[in-house]
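Read from first to last, the chains carry the letters A, B, C and D; within each, the first residue is number 1.
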Amino acid sequence: MTGLIDVQNQNDEREVPLAKVGVKGLKYPVRVLDKLKKFQYTTACVDLYANVPQHFKGTHMSRFVEIFHEYRNDLSMNHFLDMLNRIRERLEAASAFGELRFPYFLEKYAPVSTLPSMLSYHCCYRGSVQPELHRFTVEVSVPVTTVCPCSKMISDRGAHNQRGIVTVEVELGPFFWLEDLITLIEQSASSPVYSLLKRSDEKYVTEHAYDNPKFVEDLVRDVYLKIVELKKFPYFSVKAENFESIHNHSVFAYTEFPHGRT
Amino acid sequence: MTGLIDVQNQNDEREVPLAKVGVKGLKYPVRVLDKLKKFQYTTACVDLYANVPQHFKGTHMSRFVEIFHEYRNDLSMNHFLDMLNRIRERLEAASAFGELRFPYFLEKYAPVSTLPSMLSYHCCYRGSVQPELHRFTVEVSVPVTTVCPCSKMISDRGAHNQRGIVTVEVELGPFFWLEDLITLIEQSASSPVYSLLKRSDEKYVTEHAYDNPKFVEDLVRDVYLKIVELKKFPYFSVKAENFESIHNHSVFAYTEFPHGRT
Amino acid sequence: MTGLIDVQNQNDEREVPLAKVGVKGLKYPVRVLDKLKKFQYTTACVDLYANVPQHFKGTHMSRFVEIFHEYRNDLSMNHFLDMLNRIRERLEAASAFGELRFPYFLEKYAPVSTLPSMLSYHCCYRGSVQPELHRFTVEVSVPVTTVCPCSKMISDRGAHNQRGIVTVEVELGPFFWLEDLITLIEQSASSPVYSLLKRSDEKYVTEHAYDNPKFVEDLVRDVYLKIVELKKFPYFSVKAENFESIHNHSVFAYTEFPHGRT
Amino acid sequence: MTGLIDVQNQNDEREVPLAKVGVKGLKYPVRVLDKLKKFQYTTACVDLYANVPQHFKGTHMSRFVEIFHEYRNDLSMNHFLDMLNRIRERLEAASAFGELRFPYFLEKYAPVSTLPSMLSYHCCYRGSVQPELHRFTVEVSVPVTTVCPCSKMISDRGAHNQRGIVTVEVELGPFFWLEDLITLIEQSASSPVYSLLKRSDEKYVTEHAYDNPKFVEDLVRDVYLKIVELKKFPYFSVKAENFESIHNHSVFAYTEFPHGRT
């Protein structure tokens, strides 16, 4: 089909360059890497943009989807960047951006009974490519338990505790496995959480968490120090949000390496 | 407005009556009753429907908004029903339905320091009116703390606890105050939650909750029994959801009076 | 692990039976049936409940997850019911309930260019099992385009149109494919929607939709009549919500077969 | 409150400064400025943070809420900054941050019938204060209608159109009214949207929008140019998202002034 006018390709005289133009909230089945099983099928929500220089009226939205469709079954981190480069070339753009959000599932074993169950971790790839410059970060959110050290210290019995979410974003240097980052985060909390716990496990998790109280500030600092030790990532950020059991709001802490970048 | 054809008013020959037709997700500032302050300003999301008999093509959507606009500053429970009746008459419908969802705020005092802060409770009015039949229910969701009795019993120290939400829906008999229902629910939990707690309050809440462990099942049963005692409501339901601190999912319990109605 | 007290199994003297107790919001990778590809991997959010009679203190939450974990890779509609029966037996409950929500993906071909892309449809299984009674419904939500007949009729040019969502819930009689229900719904709208449309397709979709204007009421009635014709389902409901392009709220219509059941 | 140990005030030896620590997702009734009515009551969700230097173990979360509670009834933009300064001083922090999100309501008049109704606009204040540096931005999201110029051009009849959301964030220079920014944005779209339109209004809006087709790119550029003309804001960004009627995803465009800042 050819004779149709290509309105987006027309000249624009307003002299306003657009940093990002594209598709947002596209839902797609995808396949990503998995350390143990090699591949994992999941479902993603994706945003894909390119810049539009001032003299072009617009971009061709359908091309983003066409290209993503081809790449959907092999969205390793490297392949995701390849796709962004392909978008950049196909749209003759100076830069392309992409964000892929998906639940990533790991089989975990209850700490005493060793019974298996799956736990879901929110992940996000964020990439931007320009001719001489690539930036790629991976974010993962890990649900954990936190016991409040203040509550434990000042109370004659008990201590308030709650579910929290630790979110780490790392800028890629050498290859790493999401699994390893998740484990590092879980080990920094009062306790990991599980989808399946028998009574023996519940006793273990309760006592283990009570023995390792952590403020949201502690959690962020301990994760920070463990990631620094890896010496793998040129940039990373750590944030933690506790869904306080004694409030109807959250408490939150954030830091990044190197400090003061954002 | 004059010569324009009224398409919705035309005859329909498909012989399919529609139980509900109207507007959904309309956001509006509203004023509702408040036991202490007489009135409270808040923001609502509202759905308004009427039935459409089989021989009409459609309804006049703008009239729902016109009528709601008039009533927005006095949405007592009674006035809300008046509004539904007005919709029914204006649209010449056999029945009208409405749902009004809004945050309702109460000033609460921390249990030891007595410092004030506001807490938000999700509320919902649900009404349906027909010539001989009215049904009106009010729902309120109350955030609370729950300490797990099993975890407390089997663990040598500590006990997992978390934020929970108790949702009660009552069918209206005699007038009642939301405030009273909220208090009844908070007193049935391991502890109420607060927006502002100093250390002395945190100690009190931690110990009080630890001394009153409740399963999600206990919470539902205790709220149920207290509402039964009031002898006020021809129908009510109670549900509780605990955002488990040791899992990434919730546990849930539900009952209703009289049993087996839904 | 054995010596731990089983608190949930203790006697309860409050005499309040609980209609539903269980786990809510569990996220899991699952595999469901696919008409073309035999199987489809997707991600689900699941609620699983059983009743708790008045003389039991509570239920054993971990067993829901244990059983679901076993069934996750073959969640055909029949297998989902088998799982609910297994839950009922294992928990010695009179009834068990389950709801499984997941995006279901189909490859669609653009109407003129025939280029392929994936579209996501929200699906939900809802089942309840009792010794002599099963009830199982499947719900699917289909995004579509609707052109407003009134706007088209009264305007000298153009017609407002928007994305809408049609949600159909059917109670199972004989086996059917989700794919067939989705196609039936898409054919009832002003036009289906697609993830990928080239200009030739966009022209086709625009004109096709403009030639088939539908009120939200029309959409519900046309879907209703097509499902009645199938003579397959003892019960079904149809609702449609239009995200109006000229308002910031939706319009909505609902009906069910047989009429007046809910 | 006295003898209880102040754990948060203890020394920390991990040498990790935290850029932001505080409360998140606190829901509160607030009062903000209104150009016509002087004040407007609405409901907000607020995040409040301060930095924590490396040698402190943590912050005192309750103080954020205490201070916000005092300021809730007069949250003009200036007063919001005053509050952040107060937080900074009270917590002896180098910097404080705050984000206040709330629906802001305006009464609008239908374009032909002139009937009144309320429309909701999402607003956000974002502030950060340091001893020598303040930064304060206001964000507003405005729902609009957009008609696709390509679809109009290539189709023999009709043109796809949809609801879109334009979000503008401006960094404060001299005082301005949200109302004026909202009007500027609505006038840049194919048409404003309304909560209440009679048929005469619907005809007007349909034709007016059809006569002013806009890509998401056009919308961003036209809003950009109108804000540049005001010469009021040292920095601003403009983004637009169209909830495409022919797709199940959005299209999106973004720019900022001066270019390339983020």
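Everything that follows uses one rule, which is that a residue touches a chain if its C-beta (ideal position, glycine included) is under 8 Å from a C-beta of that chain, and two chains touch if they have at least 3 such contacts.
Not measured: the values here are computed from a predicted model.
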item	value
Farthest chain relative to chain B (centres taken as mean CA coordinates)	A
Winner on C-beta contact pairs when C-D is weighed against A-C	C-D
Separation of mean Cα positions, chain D and chain A [Å, integer]	25
Whole-Å gap separating chain C and chain D, where each centre is the average of the chain's CA atoms	34
Whole-Å gap separating chain A and chain C, where each centre is the average of the chain's CA atoms	28
Residues of chain B engaged with two or more neighbouring chains	4, 26-27, 120, 150, 154, 195, 197, 199, 203, 248-249
Interfacial residue positions of chain B with respect to chain D in the complex	1-2, 4, 6, 26-29, 40-43, 62, 65-66, 69, 72, 103, 105, 112-113, 115-118, 120, 195-200, 203
Of all residues in chain A, those that touch chain D in their complex	4-5, 7-8, 12, 14, 16-27, 47, 49, 52, 57-59, 61, 149-150, 153-154, 215-218, 220-222, 224-225, 241, 248-256, 259-260
Parts of chain A lying in touch with chain B, wherever the complex brings them together	119-120, 143, 145, 147-148, 150-151, 154-163, 191, 193-195, 197, 199, 202-203, 205-207, 209-211, 243-249
